[in-house]
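Below are two complexes that have chain A in common, paired first with chain B and then with chain C.
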Partner chain A sequence: MAENSEGVRSLRTGCALQGALAALSEINGVIPIVHGNAGCAAHRNIACALGAAGEGAIGGFETPSTNIFEKQVVFGGGSRLREQIKNTVKTLNGSLYVVLGSCESAMVGDDILGMAREAAEQGAPVLASDVAGFRGNARDGYVRVFKDIIEAAPELRIALPREAPAAAVNIFGIVPREDVRFRGDLFELKRIAEALGIRANLFFGAENGAEQLAAMPAARLDLVFSKWGVELAERLRAKYGIPALIYASPPSGFDEVAALVADIAKALGLDKKVSEAFIQKEKKAFDYFLRGLREKLYSRIINKSVAIVGSEGESRQIGGFLSRYFGAEITAIITDGESKEPCADYAKNYYCTNDAGKIRCLLKNAGADIVFGSSLEKDASIGFIESSYPVLDYTVLSKTYTGTIGAVALAEEFASIVRLRNKDAESKLAEAIRENNIKGILEDFK
Partner chain B sequence: MALKDAKFALIRERRSEAISSYHGTLTSMRQDLGGESVSQRVRTFTQAVPDEIAAALTALSGVEDAAVIVHGVSGCSSGALGLGFGRRVYSTDLNERDTILGGDSRLRGAIERAAKDGAKAIFVLGTPVVAINNDDSSYAAFEAESELGIKVVFLNTDGFKSKTAFTGYDVVHHSLLKRFIDAGGGAARDFANVLSIDEKAADVSAVLEILRALGIAYNILPAFSNLHNLKSAGSARVSVALNPSKTEYLAIGLEESFGVPYIRTAAPIGASATERFVNELGSAFSVSDKAEEYIAKKRAAVDNIFETAPLAGKKAFLHATPSQLKGLAELIIDLGGEIAGFAVTEIDRENRASVFDVEGVDVNVPVIIADGQLFEIANVLEKIKPDLFLSQDGQASYSAASGAVPVSLGRIAFYGYAGMRAFSDFVAKQIKGSRPLAEIGFNERELYSASWLRKSANWFVKRELK
Partner chain C sequence: MPAKHGKHIAIYGKGGIGKSTTTSNISAALAESGYKVIQIGCDPKSDSTNTLRGNHYLPTVLDSLRGGENVKLDDISAVGFKGVLCIESGGPVPGVGCAGRGINAAVSLLQELNLFEEFKPDYVLYDVLGDVVCGGFAVPIRDGITDRAYVVSSSDFMAIYAANNLFKAISKYAPADGAKLGGVIGNGLSAGYSKAILDDFALKTGTKIAGCIPRSLIVSQSELYGKTVIEAHPESEHANIYRSLAKYIAANEDLVVPNPIGQSELRNWARNWGDKIYSLESGIVEFAGGI
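Our next item is the complex of A and B:
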């Protein structure tokens, strides 16, 4: 974690508890139980109520939370947690209940693992994960809770999916809510997988849920789409021998989709005819849509300078597509302060910070035509696309930049903002000419 | 002792016997909580609720030239992202090491940074981690204040001392009374303090329309304010509160320590409360004739709406803050509707006699005292099947599964005369368009177990053992 000794302005990364909670809230049939003070389960909800991260399978204010108060901080909150576990299991229908520890429970030493074990020994599907907020950011929380689920997977008393397909893949690295387009991203990856005759364990989404967690060890391949899934794939490889294909970001554009399909086909030994037919079909669709931009691409859209603020994965995805297909110059990538190593070699400058003040200065220096970033970077004087957490002014449901369909959406959005900027600049210039022209006439008539 | 003279703001439970857990009927509630002293209840199953840090952040988000530092781990400042702070909020972003060795140096750095960025005052919010660790954050704030020459105030928002988030408002108001409000030489000036926390701009506008009609100048705080507004509050002629249960600490403190009388009138919601509000203000500024004229002009238009009874035959379950509940209930009844049940975020000594004092409500309707706790409301909705469910922002939509039309109070204006029309129009439209909403389905029926929905809804509410 990036060291800081001067505070972080408008800190956007959330804590480990919030990341774990967001992930579990998006899995059908999983009930998170927060063991923390009032507010622990609510803060992220207050931030997100306005924007992209809406309600998942279990909504913000529905989240069971022990809401511990002073007495339990002083004397320990173990018995309050025991009571809460017992009553949650009775009140809320779920296939799996996951107790999430907080800063308070960790600091006062409440035995959350013991309490969960006690319930599990009595037959209730309960496990616990220590995701105290100070253990990391929200993405760390996603990793931690999934690691704990992987460890517990063999004992999870969850019914497996009725029809176990011949080939199933686990998808990791797309972090619910932190990656604001996670729903659309996963949906597109599922579409690609299904076209190859594979079932994708997305865990999150309409046709997914707790049973995919139980089915996870039986998958034949892990597909990892950011560094946040690497540790999970390693764990599954060590425990169950599942091989993994690891990518720095979800694929965007025909070229990356084709490469992904070829990799999967090779790893699973799929019928080449099926995968190649799909690749051809995707190419036709991709070319068809982008053809609509061809003329404007060369006259207006090509070679713009772009700066991107977001996670490493999403920055790489957006920057990669725009530089490969539109010749964009990526003047700066500013990621969330997690890694000193550049996530993309095509970026002229690479910075790590999650401080809104510093990001603003860096963007000013980058002097890009178009900026992709969160609502905190929004600036009316530049061409701006809200693309990373927090997105406070737009609703994001099915939007994605992933796959062929998502890449077309990205192209569409990019071209629109470029055109709007060009139009604005032309109107301003025309207005200035008109103003001077009238002034000139007035001077003549004096 | 005057509120301002106490070292810290007491938690609501101690200061005003706040109750945030109860489940019964109007009759049982009057018996159980109507006496001189009341016993606290707790729930043995609970869902997420905001804490005093969230309330304090909300209260401070409107003070435009002050910065806020949340002294805790990254998650504790998350809520601020949605509260419109702009660039004025910082986190000390404590990590595991800091939870062991303390985070004072990070706090000092953050204070210096906020001052360098141009803050004219800095509020430092405490969090559970620094409270449990016993970091001496108030000394760090005190030390920085003398070095930087601007006010740096540490607020004790521990996050676990109180069971009601409303304590967070009191903590902020205590600091305003103690450090920011000026007596202004003692002479009252001709303006009213309008105490507002998070009322919608349209609601505040509706109230300002009243003040303008009466020719009364105003000073809104802490919402829409700056340090000058805060400072001036001590020399106002009177204070009125737009949501008294949220700002009563400030109002009482201004009265006790600065001699600014507090007009103890309900929030101007619904015809009779709005009328009282206008009359009280008119009388405080000796413009009662203008007040009567204004009411007469506005009342006629509102009566026309009431005559059409757009909510006729509709049973409504209402979930609101204590200061808004009575006015909204009366408005629903005036619009032809019926009250099928109440849920209120908290009640205390100041408001317990008046909150549910609404004419024309069956004494056997269910009453829930809770912030959130949607499981309990889901249970009640399943049993009483109301036509409408009016609730706070973010807590309304789930009622669609029970067949009720959800109405989110977070998005409708309902203050003053303008609010009566807006509320009526909004609810009528919502009823008209409710079918698709109900058909979205959500998953509430599957979320709550059948056995819970059959159980008595007060199952998890117990008397607190000391």
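Our next item is the complex of A and C:
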């Protein structure tokens, strides 16, 4: 691989269509219909199979697709799409069907909105989103499809649960599959919200996400956890007057959770007793677990040089926690476009690129003790943690670095990899313990 | 490769400028001289070859793609005046699909059907919708299809604008072995200054005028009869004009890469001509260019 490549190699993100498809595939009750060639629907699933994520409500190779050919490109694919919508609604039971346009349908000018409207007029809950691959990357696709859902939300005709709690928040900015720990992140955020007596519209996950989409305009607050949710919150503010709390990354660590809880309590006028009781409980748990890092180990893991390759949100979350709690010196390599926020508060150096050749060079120059990155950066000769998309050698189910629980998991993982890299001292201690050599054990504590 | 069988010539021009009439008359004149000619209409309107075959219905190449059946050359071609093989690429109905991709698909299909190997033409004329609105309409001038293009233009600004756009496309593709320009064909020139405008445009862009066809009732009448001028009025002066144009095109090997004029320069050039024409009409002659 060229060390100084100008072109982008080993591209780490999909196109807008793939991002939208990944998002919809994680929403229970939503059926995506791809209007494109067979590869448009299939490639995303191949990419996801390689990555950490599994399948949502509908996904994999069962994704409905018009599988258009040259004939539809030349003469237009409207009638093929009409047929596909009709058959999908007939055979797959969903609360909402979303037609996703592709590069071909956009270039040919197929009227996907008209086709969706036609089906909707006949009573089927169908809407369309123009997420032609060339309109952006996978994160753009997440934003686009949600924007279209926001526009259509009042007409979705989805039955809402009868017992909707008074306060509900929408959670945006955590992008399914692109953010590999999205499930764990969302569950931790839901845990925090529920502790405050708030229902969280996560959209993704085991609950009926389609219902949550329909309930979205009735939420009292939007919580945004990366730059990829800002536009959605702005739209909801303009359309329904929903206020928003915007963060550049999900919180990681006790202080960050406490700040989030205080912000939410203030925005929603919650009972202070409830929020403060929760904050105290979290502090106890956080301190309890972190005390497990005995003094000697703590001295070994502080002030490390750490490089992070990932989205702006991931870099800030991991880098922010490690710099604040362990004094790590951070080099951030941001892969999802130009950084919107200054990074100087947590990173000594930061760069924005998704070129694998350049990233390799930057990592070489950074000479970090520990690297967090995707499988594309994996290097057996350094301390390496697979933390960003694509993750090829690691299974991520409930893992998260978010909240207090997630921060402890991050500390745990970080300490483990440092110990693994510090074999000499660690193996001496392990040997002393195995041989019951008290002198040797005490030596380690000196 | 198709280019090995005969000369492949693309004829472009703004919609309605008289490309099909001119191309059909060139085909008729070449066929009359004993050459084997194919004329391929590359326009979704699919009416390029009407006057060569008496306005009869001809299924288009893309109709066969739409139908999905196993297509044969006989199904999509008709033998017209003096043996000219007539083919229409066809395209989608207006407002849907992609006509540009249609032309691309139709040309590919004709190559797959071994049209040129089987018919062994001396000349293949592609009559192409000339505004070069997207890459699909530039397919005939890319490597491996034609090696020369002509543009039909009047002295109207929009026709010249379209010709200039074609020059842009040619200068882009020519370095990659795309077609070069054979010349400009003046059509429907009525006013006294029309030819002077066209001459000046050719001079500015480093191109040549291949021939000029004056406006005439004979052309319109022949078209209404569903015939070319060569067939309907073989003895007319106009038939001879088309014959000499065909002869020029058949023999011409002086192909150039044109120098298209920049957007604002083209507008300034047009404005200057506007001033000159006004002075001419009002009797104030300061400088009358090539008149």
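Definition applied: the second predicted complex is superposed on the first by the 401 of 446 C-alpha atoms of A that agree within 3 Å, B and C clash if a C-alpha of one lies under 4 Å from a C-alpha of the other, contacts with A are read in each partner's own complex, and residues count from 1 in each chain.
Everything below uses one rule, namely that a contact is a pair of C-beta atoms (placed from the backbone, for glycine too) under 8 Å apart; a residue touches a chain by one contact, two chains touch by 3 or more.
This structure is a prediction, so every number in the text was calculated from the model and none was measured.
When the two structures are aligned on the shared chain, A:Gly76 is found in touch with chain C, with no touch to chain B. With both complexes placed on chain A, chain A has more residues touched by B than by the other of chain B and chain C.
In the superposed model, A:Glu62 lies in contact with chain B only, and not with chain C.
Of the two partner chains, chain C is the only one that A:Gly109 touches; chain B does not reach it.
Looking at the shared chain after the overlay, A:Glu341 reaches neither chain B nor chain C. Taken together, the two complexes place residues 70, 72-73, 107-108 of chain A in contact with chain B and also with chain C. Chain B makes touch with chain A in their complex at residues 44-54, 69, 72-83, 85, 87, 89-96, 98-99, 105-106, 109-114, 117, 128-129, 132-133, 158-163, 165, 372, 374-375, 393-395, 397-398, 443, 446-449, 451-452, 460.
Across the complex, chain C meets chain A through its residues 62, 65-66, 68, 91-93, 96-99, 101-102, 105. Of all the residues in chain A, the ones that touch chain C in their complex are 70-76, 78, 107-110.
If you check the complex, the residues on chain A that touch chain B are 1, 4-18, 28, 34, 36-51, 55, 57-70, 72-73, 83-84, 87-88, 90-93, 102-104, 106-108, 132-135, 137-138, 356-357, 360, 376, 390, 392.
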